[in-house]
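Two complexes, one shared chain (chain A), two partners (chain B, chain C).
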Partner chain A sequence: MTETTDIPGNDLELLRTMRSRNNQSWHAFIRNRTGMTGMLIFLLFVALAILAPWIAPGNPSAITMNILIPPNSHYLLGTTAEGQSVLMQTIWGTRSTLLVGLSAGALATLLSIIIGVGGAYSGGLVDDVATLFSNIFIVIPGIPLMIVLTTYLHHAGVGAMILVIAFTGWPFGARVLRSQTLSLRSRDFVRAARLSGEGTWGVVRRELFPNMLSLIIANLLGTIMYAIGAEVSLQFLGLGNINTVSWGTMLYWASNYQALLNGAWWWIIPPGVCIGLIGGALALVNRSIDEISNPQLAMSGRSKKRRLRRKLA
Partner chain B sequence: MTYLRRRLLFYLIAFWASITLNFLIPRLMPGNAAEDLMMRMHGKVSPYALKALESEFGLAQHTSLLTQYGQYLVALAHGNFGVSITYFPTPVIVVIEQALPWTLGLIGVATVISFALGTLIGIWVAWHRASRWDRFTVPAAMFTSAFPYFWLALIFLYVFGFLFHWFPLAQAYSSSLPPALTVPSIIDIVYHAILPAFTIVIASLGGWILSMRNNMIPSLQEDYIQLARAAGIKDRIIMYQYAARNALLPNLTGFAMALGFIVAGAILTEIVFSYPGLGFLLFQAASNQDYPLLQALLLIISVAVLLANLIVDLLYGRLDPRANRSGG
Partner chain C sequence: MTESHDAPILSLEHVSKTFHSGKGTLIHAVRDVSLVINPREIVCLVGESGSGKSTTANLIMGTETPTQGVVSYRGQNLAQIRTRSAILDYRRHVQMIFQDPYGSLNSLHTVGYTVGRPMQIHHLVPSINRGADQILRLLRQVGLTPPSEYYYKLPYQLSGGQRQRVAIARALAVQPDLVVADEPVSMLDVSLRAGILQLILEARESAGVAFLYITHDLASARYIGDRILVMYKGRLCEEGPAEEVIAHPHHPYTQALVEAVPNPERMGQPEEIIVTPDLNETKVLGSGCPYYPLCPVATAQCQDTMPEWTFVQDQHQVRCFNAAPLSMHHTS
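Up next, the complex of A and B:
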């Protein structure tokens, strides 16, 4: 197989600038306050999930006699109707929610890449069928489908839940990645690489992916958000394994024990706030990626205004 | 092919696909959900009804998949979805007919309010970009849309229903006042719908604000906007009639995606408020493993979402003449 060095100098130049632009984006991301804040919050939850046995040692489901105790110095977030520590359950719950969220998000993104990029790159009938499939799955509402699938599975385990969520979470990403592939496919440097005899996989890996990376990451984060929301919803409905500790099952038990009507707000607030924080954090990261690739959207419109004023003057 | 014909063809295919998916799910899922169901129903149902259940789930081994598919399509065409287990022996179609108006009313009104309000706020913050309001609205919109609908529903229920006693805790109407077309009954129904509708509006508002802002900003950079400004046309007219009109179109195309999320969120909101719509019914069907009802609900919800998308697409074709020309 011929190496990429064979392509005409002009395109090589373009290739280099595109690659270095990727590098610059990375630096821009590190300097971007919005994005870094989001990233830090997200990593904090990942650390919490990994370190749960050390931060909150013990069994989070252990039943005690101290039921429905409001937050105090011993139980920082109070207790459940079965006397479990809400703080401990929230910390341990991070594990299952993140595990399902990250795996289902990654799997769905992989499907989006295979169907979106694969379809667009193959073109012709393959692309038509792939596009039709994505468009149909976009309009079929996900949650009802997931509810039906998990009901058939009878208290779906972690693996089944990941598969069900990934199965409904791929189409939007496939559509976005497809249009990006189509626009890249017709660029000169990709054409040159193909003409120089590079195989399909080589072109995809060396020419397409480096230029789609930010889009793929943005899509991955969006899908993880979707997967976390779906997992929490299904667990809240009691369609997963209700004996595991997760944010969704916490809310399931809380509403089963009528926590709010007993005034036990401390049981409901923590899991929801955590979901909101993770979702918000991922949205912040996504926004900063958006801002870097599309500077018009940035909040600080000052330089733009100045330019505009100069133009008008 | 014209835009209209292409879209109609697509929705026909999507319609067929969701019908077929609905047929395949019970036959492809592992385990023997249907046999469990048959066991539970034995002795409670007439042999004739058992036979009907059997064919519905493809348990009758002697018929081929294709024959079963044919029978399924014929039953569908007659609006025959079988009998609900939860509300035995009421036919599924009757159960759904009773729940449908509540969901259509709740989601319909809440979505329209949320879309209109979100679009207006989006226009406004895009116009005042980087102002104090913009700096507040964008992160606020991002965080409110990150919370699950059902969690917001729980919180609103606690604060406005339980603590303040402003709104009822559940149901769509008072049990003492059956729904009717009288003034007190309508007031009662609206009163019960406010909190669930408020939940859906708050949870979906952020998405509309952000997407409208994102569409509005590039449209504000266009030359014709600068020309209008230079010509001294009033800001209000530039904002709404020049920029927002063009920014609204891409927002409409995002509707398909957004509607899926709103429907999903509304289903869970209904469950929290015990609101007697399709979402609450779906939850009951799932809890009781009422497969005939479950399947019919999936189909009805999918078709309703397809129809809503079709309407938006038709509207889009009307609003953007370019859509009819491209790809002709």
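Up next, the complex of A and C:
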């Protein structure tokens, strides 16, 4: 840089120019192509869910006489055995799937943080009890437990479905967050922060959480994917409310009417592709967040080579 | 001990710390340690790993509480500092530098934040941004120039030496009276060590900071220390002015340490090899001198009784029954 003098004002001025060069992680995310691709796909589904009444007005469950029509110019994705538009059902189905997926995922992650991080940071008996709980829940197989619970709740509504999925989805994340907290808690920089006078909440918020953010977000995205999968599975098994429209109930009815035997591939593929797309989108976002939260990783691999090539060119 | 009229900043009086190992045995990490640190003084605590140096640091920082004895800061017993504001006040005056500069900085915080945050906690600046000029001055003081270049750097963009300078700046940010430096140069390249030690000396000169410099390296202790305390297996065994202890070590353990330092003047002479057998912990934890099993001049008395302090010089004292200047044991 430029030559420095001993006038502190000069340093301050230089600092101001440096500040503008200092990139916020948000900008880094926007510039990250992987993450933006995933985010765009995900936002597309969110937009579909919100705008369903305007994009596909009408009742998606409305029964017509046009039974099992293959895709054509009128029914872009064909119709079901009850004459409903598959396109309309797919669009409206996004709503229930996303609602359950996002809320159950967020709720499960919150439980993981409270039980995992809280237990590990408190230590002692609290940690022992928290670990015991997560261990018990880890060995209970999730899907059968969900089936039992939803059967018990009898054609569970959306709220019950969210609770059941969150209830079975937290223990793995809690274990991961616990071990990360344990490893961070004893690190020198945490000790240093404490010795410089940072309080407990300050240490958690300013030292631990930023270091755990990528793990928490990865966990959140993973749990959302799990929740979407669980919701679809439960609906597919007919354990939810089969009269609502969701990707799971679409598959349930398709299987009930033996869509595959009837050659009605257009009834099965759209919800399947959508589930896959959302899963892929979340995975892409996850990867980019990993890169951003770990500055060293961002400079490794392809992006580094690309930057190097640009520099040489 | 030095000719300072001020009261000591920190004192340990007969401090012991015992840990319980998992199997029910007791580990005496620190035993009956008494020491004082005066204003502007650099005291070196020298000892091998496992001698209780780091436990002593933790006792001073208040992250461990002594099993016996009293640690006091300016006459106030640390065990009685309980309220949040009193603890903050103590943190404001006694700071620490860690051994590993790769672990002691949060990899997600910029240099400016790392240095500025303690200032903000202790209300020395209204906010990190508004304290920028003070942070820059401090960065310049620890040799990170031009400071504006470093302000927004993240730890991974810095070398080990630069990181340790940031860690020192963080410790000095709150204008402490005393800094406990736990082996601050042992993880750095030899070429960088002198620079860091020089910083410690400068901080003492310009800001009047006292240091407890913990090390296993006698050479660096002689370089910066006013006084040297030698520690072995949790006990202090020799204490005195730095030059004096190195030039005329009296305790057999100190003598072994001094002889282990490579010395060009002794080149060519056959070296006395000190064998350190792997000692069973319980064997050395009796009531006697911990160095007894290895000591070349040990007598039966040493096995049962821990010797008291005896002065061998003005200000130079040793805990050994058979203490004698180095030349007398040196048979070669």
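Operating definition for what follows: the second predicted complex is superposed on the first by the 240 of 313 C-alpha atoms of A that agree within 3 Å, B and C clash if a C-alpha of one lies under 4 Å from a C-alpha of the other, contacts with A are read in each partner's own complex, and residues count from 1 in each chain.
In the analysis below, a contact is a pair of C-beta atoms (placed from the backbone, for glycine too) under 8 Å apart; a residue touches a chain by one contact, two chains touch by 3 or more.
Here the structure is a predicted model, which is why all the values come from computation and not from measurement.
Of the two partner chains placed by superposition, only chain B is touched by A:152; chain C is not.
Legend: residue contacts after superposition of the two complexes on their common chain; A:275 is shown touching chain B, with no touch to chain C. Contacts of A:186 after superposition on the shared chain: neither chain B nor chain C is touched.
Legend: residue contacts after superposition of the two complexes on their common chain; A:207 is shown touching chain C, with no touch to chain B. Applying the stated contact rule after C-alpha superposition, one finds that A:73 touches neither chain B nor chain C. Residue by residue along chain A, chain B and chain C are tallied for touches, and B comes out ahead.
Legend: residue contacts after superposition of the two complexes on their common chain; A:233 is shown touching chain B, with no touch to chain C. When the two structures are aligned on the shared chain, A:255 is found in touch with chain B, with no touch to chain C. Comparing the two complexes, residues 296 of chain A contact chain B in one case and chain C in the other. Interface of chain B with chain A (complex): residues 10, 13-14, 17-18, 21, 25-26, 29-31, 33, 129-130, 134-135, 138-139, 142-143, 145-148, 150-152, 154-155, 157-158, 162, 169, 214, 217-218, 221, 226, 230, 256-257, 259-260, 263-264, 267-268, 271-272, 282-283, 285-287, 289, 291, 294-295, 297-298, 301-302, 305-306, 309. Contacts from chain A toward chain C in the complex involve residues 1, 4, 8-9, 11-12, 14-15, 18-19, 21-22, 187-189, 191-199, 202, 206-207, 210-211, 293, 295-296. Note for the complex: chain A touches chain B at residues 132, 135-136, 138-145, 147-154, 172, 225, 229, 232-233, 236-239, 251, 255, 260-261, 263, 265, 268-269, 271-272, 275-280, 282-284, 287, 296-297, 299-302, 308, 311-312. Looking at the complex, you find that chain C touches chain A at residues 61, 63, 84, 87-88, 91-92, 95-96, 98, 100, 103-110, 117-118, 121-122, 132-133, 136-137, 140, 145-149, 151-152, 154, 156, 167, 170, 174.
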